[in-house]
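Presented below are the structures under discussion, each in the form of structure tokens.
Common to both upcoming complexes is subunit A, partnered first by subunit B, then by subunit C.
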Partner chain A sequence: MDYFVRKHINEKQIRKKIIMDKIVKNIFMFITLLCASVILLIILFIAIKGISPFIKDYIINDQKYRVNFYRFISGDTWFVAPNIYGIGFIILNTLYVVFLSLIFAIPSSVLTSLFITKIAKKRLSYILIVIIELLASIPSIVYGVFGIGIITKLVKGLSNLFNYQSAGGISTLTTSLVLAIMIMPTITMLSITSIKAVKQDIENGSLALGATKTQTNFKVVLISAKSGIFAGIILGVGRALGEATAVSMVAGNAGSGPTFNLFATTRTLTSTMLMGLKETTGLDYDIRFSVGIILIFVILITNVILNFIKRKIGRMS
Partner chain B sequence: MKRKQKDLILNGITYLFSSFGMIVLLAIIIFIFSKGYKLLSFDLLVSDYYETIYDTRSETNPNFKEYENPNQNNSYFSKNWGIALKDSFNKENEKVVVITYIDEYSPFRNMIDTNNNNYVEIKIDQQINKIIAKDINDLYLFGLSTNGAKSMVEVLDNTVKIENMITATSGGGIRGSIITTLYLILLTLILALPLGIGAAIYLHELSNENKATNFLRSMIDMLSGVPSIIFGLLGAIVFIPFTSKILNANGGNLLSGALTLTIILLPIIIKTTEEALMTIPNDYRQASLALGSSQTQTTFKVVIPNAIPGILTATLLSIGRIIGESAALIYAIGTSIKDQVFLSEKSTTLAVHIWSLMSGENPNLELACTISIIILIVVFLLSMLTKYISKKITRF
Partner chain C sequence: MKKISFIFLLIMMTFILTACGGIKDTNNEFDKSKNITIYTRDTTSGTRDGFFTGINFKEAIKDNTKLKSTYVQVESNGEIITNLNNDEYGIGYISLSSLNNSNLLGLPFNNIEPTNDNVINGTYTLTRNFNYMIRNDYNDDKVRQIVEAFVAYINTIDGKTTIINNDGIVEIKSTDKTWNDIKDQYPIISEDNSTITINFGGSTSVEKIAKALSAEFSPKAGNFIPDHNHTGSGDAFKRTQGTEKDGANMLHIAFASREFKADEMINEGTFGRICIDAIVVVVNSKNTSLTNVNPEILKNVYSGAVNTWEEIE
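Here is the complex of A and B:
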């Protein structure tokens, strides 16, 4: 026994193990650093490429062109002809479409989550959760196909009711409806989590005070969960702003704007980046990277603003 | 009483809005399936997207016998050549003549390629575009697909030798895109899983909980909020030049797409794996360390084996994401559909294939729906499987 133990406490072996540990830890640290530095890589490279249209001369048909940043950011027309790239209206259109999609998505997602957590029987709520998860798993390209196949037809019918000639149903309304369907699962999932986290005591207190179950649901549960619901909305906005394929298929890429007409074609930042992508050099290609930077900024700024509002709402009670 | 009515209305609204998700899901499934099921067949999965054109001629029809008529509906039978033809429409909605039947002894099974004089077998479902043939008196007769199947059969029945016939396979298959998708899944998982699992293990097992670790973690969290089209831009300016040098490629290729997808998947894999690591009781690690094994041994022999269900979940989620990803790949690879897939060339996954179909000049909604069916089935299965596995994980 003594021999056995001594054989195993071998200093050389222990040192080897310690060195091995250090090597492995460093390898794993290197991997982590690599993964974490990707975000910096993205910002750096896209910024370098995206700034070039404003500081470099592009030669198209023997003429020099350079994009003016002020005109770029405030422009109300987007032409693929040189030097009239303006995306001011595109930013407004994007925000407008996302805002509309929130109006469609918030009621249904919040009420669905309330239904799942508080009203429905166990089996029904399980089925509904599965449905929401399936909706969340559908890729955006399929939503795009669905948008073209069904939602454009609905919107076209609706616009005919108002005697408005829409471009085959491809419009602001269609885009925001497709976006609403896409962000609904996200908001619902987070709302479910936050409603489940509401303490039973608060609810019981409300019921004991004589409020009905429905009154409690709407005036106590939802109000208590509003911070979490708002977190879901922030996530949904992020997804809606960055959504590209489905939006490009139904937005219609209007040449100028901003348009607040529901039945008119629109143009979002992502659809601008994606549509008509053919060549991989030149001004028309590089300007997409500038749009990409603007997209990152728009997402960041909306996130900051919404988080600020969320903190304000969280304090009110 | 008033309160009751108010409650009733509010509850009614809740029921109404809650059914919205179900209605949308049903609408999507019904629409996609009803529009796409017609084209769904095994042939679609294994055939090429582009038409193959054959330029052939026949020997003088030697036996000149009457073939047996199979009596197919809607098709015209040429008893002289033993084939049946019918009118149909191709992908671009042009009128074409399609072969629906070829007799066992028909000369169409032994046509001669005009380019290299090899024997070619004409198969069912190919289109006949043009026929130049000779009748008994050595006079030329022409059959064109625009005149329809009936006139072509009449031409065939009056001729003894086909001088020149242009036939084409119907095309529209998605074999290339399926292979590309599988390639990309394999490549991306090979790249992304080691990185993602490594980072998760470092963050959860090896690192000290300090500010630096939290900073790294928040950097990785930031990645998950970046829209996929931005990753596509990164792929276009970093990975395409990088992989072009390695593979001698010209522009986008599968490796640049796989690298871009790797970065998209990193936050998902890291997060899922970390969650799995959290469910492993600390007792396991302490027991392993107390038995004298080193940190490395504990990590590889105790922690990772116990995290395998979580890693599997991460893998399934990744596969679902790869199949559905389109915006990033449009930038990182390109949108040209290919039948032959090479690592160093452009190609499309199923999702980008749909994008190519829909953004062309003649959007093909039906084929897009058919591909969507395949994507939906795979994605739903993966989602169910993930749910099943994550239920199993919570055994601790």
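Here is the complex of A and C:
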């Protein structure tokens, strides 16, 4: 019997273990704080740089200038020398482009995920998932090159059909198509996960009631998975709003607006930040950080709104 | 539901098919009644600066509102080339060195063909000079000697070959010497200079050439450390001889992609020309409307005074 009883508990050892626990806990705490402070530092840096155009004087050609914030936020022309910047139309253009890209991306990605999870044979669905994961990891510059080489040609052909002369296919439509292709994998992957999570019982119940497979897929499976699908859409919107490289290659960077014509050139917040960033200094450099702040706000606000809608949709059944 | 997805598929198919059909349509003849699409670099670009200075439309260098409002703005020579190959009715400008293999039509400027020879003999005038400026005073005499050796190197056959290989235009004269011929005049280069840092900076347009030169010259001059910090032509004078010459951003050798202003050229012998950069006006190869451009035409086109290709003629 002796064998099963602990002979004695070493108090020293226990204390050692408790101290060890504390040290590990503190180390973890420290690392977490470090990660969190990086975000704080970034926000602080962007905020300081981005606010300075409105409160600090910049010397351009021996005269002091600062930027009028109201004009900046509501302007319909990006830049009039030396100090008038306006991004009101750019915000509208950005939201419009992202909205269009969602119209293209949502149906095709939801249908794709439905096909992969419910209709395709196991082997095929495995291959398709690998392909979509690959798509998700392709760098944006590749999408940009694809857009400028292929999609511009398609859009140019389309605009010729409508007898509209576009700038070689560089347009709002091209931009939103490129974005749609980019966010499709994101939405598809999350939709697949959420459709897979739908309980088999619900589906069986629907089938037992006499519904066909297609009816079940659309009316039961998709409805049950809508919350997860919506989470995918939110992620997609985030990616679309934040994409810079590919967009600036096909947007054409119009100087004024807003433009809602599908075949006209457009300009987004990110492409505005990227254009000429490497070659400029002073006010023209700092103002790009102001655009960055606005972009962060736009993303935050859209996320809040989308989350609100998501909760509403989640409650409906 | 089936109906809806069928209709959706149908729409997709018609979209793709019609778009393909549309591509074929564009192979038609050049239609002069179409609008001109202007392509431009962004306001920070040195090429843009050179172009608008060259056509006497200086208001537009930093100001997009002076341009026709439907302009397309891109970020590099390469993007202008891709876009113009897509767009029969576009017009743009690129560095002469990018013209080869671009499939675009490089237009003569004032009836002079854009070629390297014409740039060197000065008849082709849509050009800008790349200049350098060095310091007037040095804390360390060794640094001064290396800088002077570097400036001498720029004018040797070796240096000029490097410049040409990096898209600068410069003439190699029969009187030019090689580096081996003159290196004995610069005893500093035979010492070990691996602790000395030489700061290069100024114009970003010259950055490629400057980096190639310093990378090539460093092993020949005691392995000094070249440190490049290119921020713009405006800083060339400021950081070598002007207000920031003793600041943290001070430079030993700076470059400018424009001519130095009168109040910048205060110390004789501290500045000079490295090479010429030529800008060429390009259109799609199907364009039959323009065979020659001059400042007046280009200004009208870029300001939107003329809208269609017919109007130019």
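What we mean here is this: the second predicted complex is superposed on the first by the 284 of 317 C-alpha atoms of A that agree within 3 Å, B and C clash if a C-alpha of one lies under 4 Å from a C-alpha of the other, contacts with A are read in each partner's own complex, and residues count from 1 in each chain.
Everything below uses one rule, namely that a contact is a pair of C-beta atoms (placed from the backbone, for glycine too) under 8 Å apart; a residue touches a chain by one contact, two chains touch by 3 or more.
Worth saying up front: this structure is predicted, and the values here are computed from it rather than measured.
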| item | value |
| --- | --- |
| Clash or fit (per the criteria above) of subunit B with subunit C on subunit A | clash |
| Touching partner for A:W78 - first (subunit B), second (subunit C), both, neither | second |
| Subunit B versus subunit C as contact partner of A:L295, first or second or both or neither | first |
| Between subunit B and subunit C, more extensive residue contact with subunit A | B |
| Touched partner set for A:Y96, first subunit B, second subunit C, both or neither | neither |
| First (subunit B), second (subunit C), both or neither touched by A:F146 | first |
| Which superposed partner A:Q215 touches (first subunit B, second subunit C, both, neither) | both |
| Touching partner for A:Y58 - first (subunit B), second (subunit C), both, neither | neither |
| Contacts of A:P107 with subunit B and subunit C, given as first, second, both or neither | both |
| Partner chain in contact with A:G157 - subunit B first, subunit C second, else both or neither | second |
| Partner chain(s) touched by A:G255 [first = subunit B, second = subunit C, both, neither] | second |
| Overlapping segment of subunit C (options 21-29, 57-65, 93-101 or 183-191) - the one that collides with subunit B in the superposed model | 93-101 |
| Subunit B and subunit C contact sites that coincide on subunit A, given as residue numbers | 107, 111, 148-149, 214-215, 218, 248-249, 274-275, 280 |
| Touching residues (chain side subunit C, partner subunit A) in the complex | 1-2, 5, 8, 15-16, 18-26, 34-35, 37, 39, 42-46, 62-65, 67, 69-75, 79, 82-84, 86-87, 89-90, 204, 231-232, 234-235 |
| Footprint of subunit C on subunit A - complex, ascending | 77-82, 107, 111, 148-149, 152-161, 165, 167-170, 214-215, 218, 248-249, 252-256, 264-265, 274-276, 278-281, 284 |
| Residue ranges of subunit B touching subunit A (in the complex, touch as defined) | 3-4, 6-7, 10-11, 13-15, 17-18, 20-22, 24-25, 27-28, 31-32, 35, 194-196, 198-199, 201-203, 206-207, 215-216, 219-220, 222-223, 225-231, 233-234, 236-238, 240, 251, 263, 266, 270, 292, 294-297, 299, 320, 323-327, 330-331, 335, 351, 354-355, 358-359, 363, 365, 368-369, 372, 375-376, 379-380, 382-383, 387 |
| Subunit B-touching residues of subunit A, taken from the complex the two chains share | 8, 17-18, 20-21, 24-25, 27-29, 31-42, 45-46, 49, 107-108, 111-112, 114-116, 119-120, 128, 130-135, 137-146, 148-150, 181, 184-185, 188, 212-215, 218, 238-239, 241-245, 248-249, 270, 273-275, 277, 280, 288-289, 292, 295-296, 299, 303 |
